[in-house]
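The structures come next, written out as structure tokens.
In the two complexes that follow, chain A is the common piece, with chain B as its partner first and chain C second.
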Partner chain A sequence: MSTRWYPIYQRGNPQLRVFLPNFWMKLVRPEHKQPENIVRFITPTQMSDHDIKQYLEKIYKVEVASVKSKIKEGLIKRQRFRGYIIKEPDYREAMITLPPGQTFKFPDISTEKEKRDDDEIKKFQDAASQSFDKFKEMNKDRPGVPGWFSV
Partner chain B sequence: MNKLSRVLGVVRNQLATYVPRINATTQAAVAPTADPKVPAPAKDKHEGLMEFFDVKENWTTNEVRVGRSWRKEELRIKSNQDLHKLWYVLLKERNMLLTMQHEMNEKWEPFQSPERIDKVHESMVNLEEVVRERNRAYYLLETGETGERPGRVETNKVGMHYFFKASEHVVPPEHNNHWFKKFGCNRREVAKFRLYYNEKIWLGRLKEKNRNTRHVMKLYKRFPDLDEEALQAEYPDVNLERVKRWNGAQGHFMPRNL
Partner chain C sequence: MLIRNLVRHVSKRHASNTGLTSTVPKYPPILDLSKEAKKRRERERYRDRINAQDTVEEKLFFPNLRYYYGTKCYYLEESNLPLDSLSFVKYITRTRSIEADVKTFQQLLAFNASEAKELLERIRPYLQEALLFELLGRTKENLSEEKAAGVVVERINDVLLSSLSMQYQHLLDAAVDYKPRLEAFWLAGTFHPSAELYKERSDEIKRLEKENKRKEKPEPIDIDAAEVVEHHIQYIGHPLVQLRSKLPLTQLDTDIVGDSDLEWDKFLSETYYSPSLRFGLQEIRRFGTNLPGFWPGDECEHGLVSYHYMKDVNDVSKSMVEGERKSRLTSQAVLSGFGWLHAQAAFQGFSSYQELTYPLTSQQVITDGRQFSFNLYQLNTMLIHKELNSPNTRSNICISLPIQPLYKGISNNQFVEWNDDVILNLLGFYLNKPQTREGVAMKPFVNPDVKVLAEVDDEDRRIWLHNQFRHMYSNRPRHRLPYEIYDWERIYKIEYSTREMDARMRPYERGQNPMDERRYWDSMPPYIPKKFRPKKKQWNGWRSKFGKTYFPDP
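Entry: the complex of A and B
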């Protein structure tokens, strides 16, 4: 069981149970515009459609109407300076259809982060300008004196 | 999920280890919306699928502070049931992290605290190792065997040795003609190949020995007072007494006993 090695299934034997599945799944943005009830996943190539359905239904309690999946080849690129070829691993792309009445919208994560980052940068800029104002205030009566001169 | 969080909440308090946070969406789902005036929750919020994403507070932060991964000693004192539950928590956490990383990479944003993936992975490896230990102990007690996948060293088609991992087959190999055609071998050709191959290995070893001997000779030429024991330990297959007397080993020094 835990050795990740399963006996061959013979008809009439009890069904094999997976106690510690080690498949991963990624929920990703669809490449092209899709209807609202379609969700795109990236999974390992070993996973079958049945596996994907069971995985979502049993672990995530998501109702699945249908699964369509295909293996996609990883990107093949050329290394910029040495010129050798780099291949990214293959993956399985699964398109899940939710049952009627259910929809899913991919959340906007990065835009919120951008907003937050802008705020932080603004905070730093404000702090810097304030400290410079303080410095100018201190050296009002002695222009041209370097910052390290006074205590 | 709530039951699960309760079980793991206790564990988290006791050991202060990295138990991933349960998504906010599942907790929010408990609140009833009976009031008709209150608009129904947005259709886009799919509870199950939102578990693939981090908690909303972590979307905007630049760093997510987490604890360390689970150690084997901690996992050994847990019951099988707890380990089983923890496995699924870790599995979901890994999926969540991979999803977030993919999304951030696509948007050219830095992924917050990527070491979380390694920590979860380490925990999962440790957990599986602990489960395996238990499995082995159980099988040894019940059957006298470890219950691991059997394996042995075998000779392949071209006469090379490799570690063969056994698996179950419907047909035994001697009755499997298809398999024999594919993986059986011509013994005479294999013998020829092995002869040449062994010769190549033997020549390689011989060349290495000669190389070492010449190197030792040059060493003697430069440093006549070498520590011979250390030299012999470094190059065990070189005959030092013989090399010392060669012309190439004599340096441009004054003779000792003039």
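Entry: the complex of A and C
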């Protein structure tokens, strides 16, 4: 992102060109039963619907049928120790409609990772229970003897 | 006391006698006590209550009494349909849309080609002259495109009516409306919950689970976050001209066109996306209105032809224009056909809850003054909501012709490439003669003695109901601003309880929700000044200071 202000349009040539826009767009997880041709973004509040459309079409070459965006209230929470109410900044949520026939599926990254993590934890648990079984097998003739006591 | 004892004694004896004498015991019916079945029974009772209303106006008045601030609904306007909305429109109207060729179309209309050609030869010079005058002889500087198309349509209608009505009685009797109010309100189908509703339900589940953890014996949670919902739809149409007749048009022989809509089966099995997620539509509160362009009690209460404006598509990128134009045109035809017939059916005493007992038909012309699209619509069903005892196997049907231009251009005061087919199709619509439905009760759910409000005997009640009905249908906002929870209250009192010591005076602190719980009649009746009240010696209670109201039993 450039550190420049977003340039206000001036008539006449040469036009000021923007190579690195100040804006960003964050692709977010779809809502419950969101249609496949709708994509949800979070953007800065300053961005207009035209900006959003231009951003996607000019930078990412994504065809956009329509843009509907609205400003949403940031998360409100309580300060942990002193108990006063604090609020995160507002953001703009943009719903992009793709042209008829085009669809987008949100990549399923995190659930895969969760699954991987779960598998690893299970592996550890299995190993632990196996070693415990082994220990019980070893000590079945000497009940009540602590684990550290060995010949 | 004596009388009460006597009554008790008699009733006891009566009861014991019947118990002894009857051989077959009478048990109450065994009812399904599941949540869904209860909802369906509730819906049936509601339908019966609407059917029990005498007049058409009361039937239209009754459903709006549920909410003081109006019913939540999605607002669809003919001129402002959302992008790529055909599938949605077909879903909410339960319509199959079929594109037919001219031959099938004429077959459906029972079109007499030789008669029409003869008429065409007679009418054409007048029509061309009138249109040339409209198009060339008037300045159109101050006219919007829609108004310019409206003028052309009015002229075409004038010429056709004036030249045909001497010959055809049904056209002589027809009523013509210019820019009438076309409004329809209905309850539609199964939708996935909106993002807000889904979040609300999930939060509630989380809260209950948290509560359950504290309890010794946890209670089962009976909330499904993904449960499907129904939505009220309010459609507002903008017809340019419409013709009405005393009798309904004949039923279409839809077997000719067959089941050519491929998407149809897919539709029936599917639940549609939430309109707020799919189109960004917002629900508004409004009193639902069903108006086919006239008030109840009008003699001509069946639609013949209506003309609508074909708005050019200019708000999408070039690659999408063709598809969007087609989709928007079909959506417009489907919605205008359904909306008009739904409102007409409502005037016959049917509603979103009471199924039609006979089909209704209408004819739509969608035009920008040069291009013409012809559509036939047949309303077979009005039950589109989800609380049904048995699945609805009926569907509505919309049959359209491809767009035809009336002429290509004008040069030297002459039309270039004048297309007679358009006029023939128009004639087909005008000559389609409405007929009496033999052996069909047209208004089975309206009291035959008191069909409309004007026939009510009690003068005070009649005037009161008339004023209230018209006021409700004007959809003026309530006198005071609606109840709202302010942001500071939501943050500091509801989400985080930081003001424990404040008096709990507001409705949300008392477990009330005025937007959903307050009924239409929940306000003071009008005050009557003392000089207009009948003179009475004794105190008759404070209620006697207020006017009488005649709301139907709640």
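Methods note: the second predicted complex is superposed on the first by the 107 of 151 C-alpha atoms of A that agree within 3 Å, B and C clash if a C-alpha of one lies under 4 Å from a C-alpha of the other, contacts with A are read in each partner's own complex, and residues count from 1 in each chain.
Criterion: a residue touches a chain if its C-beta (ideal position, glycine included) is under 8 Å from a C-beta of that chain, and two chains touch if they have at least 3 such contacts.
Keep in mind that what you see is a predicted model, and the values were worked out from it rather than measured.
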Handout entry: Which superposed partner A:S66 touches (first chain B, second chain C, both, neither)
Key = second
Practice task
Based on the superposed arrangement, let me know which partner A:P14 touches: chain B (first), chain C (second), both, or neither?
Solution key: neither
Handout entry: Partner chain(s) touched by A:G147 [first = chain B, second = chain C, both, neither]
Key = neither
Exercise for the section: Tell me which partner A:K33 touches in the superposition: chain B (first), chain C (second), both or neither. Expected result: second
Handout entry: chain A residues touched by each partner, larger count belonging to chain B or chain C
Key = B
Handout entry: Touched partner set for A:N22, first chain B, second chain C, both or neither
Key = first
Completion exercise
As the complex stands, chain B meets chain A at residues 43-44, 46, 48-53, 59-62, 84, 87-88, 91-92, 94-95, 98-100, 102-104, 106-107, 109, 124, 127-128, 131-132, 134-135, 147-149, 167-170
Handout entry: Sites on chain A touched by chain B in the complex
Key = 1-3, 5, 7-8, 19-22, 24-29, 39, 42, 56, 59-62, 98, 102-105, 107, 109-110, 112-117, 120
Problem - Contact footprint of chain C on chain A as seen in their complex - result: 31-35, 38, 63, 65-66, 68, 76, 78, 85, 95, 97, 99-100
Handout entry: Residues on chain C engaged by chain A in the complex (per definition of touch)
Key = 83-84, 192-193, 195, 198, 225-226, 273-274, 277-278, 280, 316-317, 319-320, 323, 327, 491-492, 495-496, 498
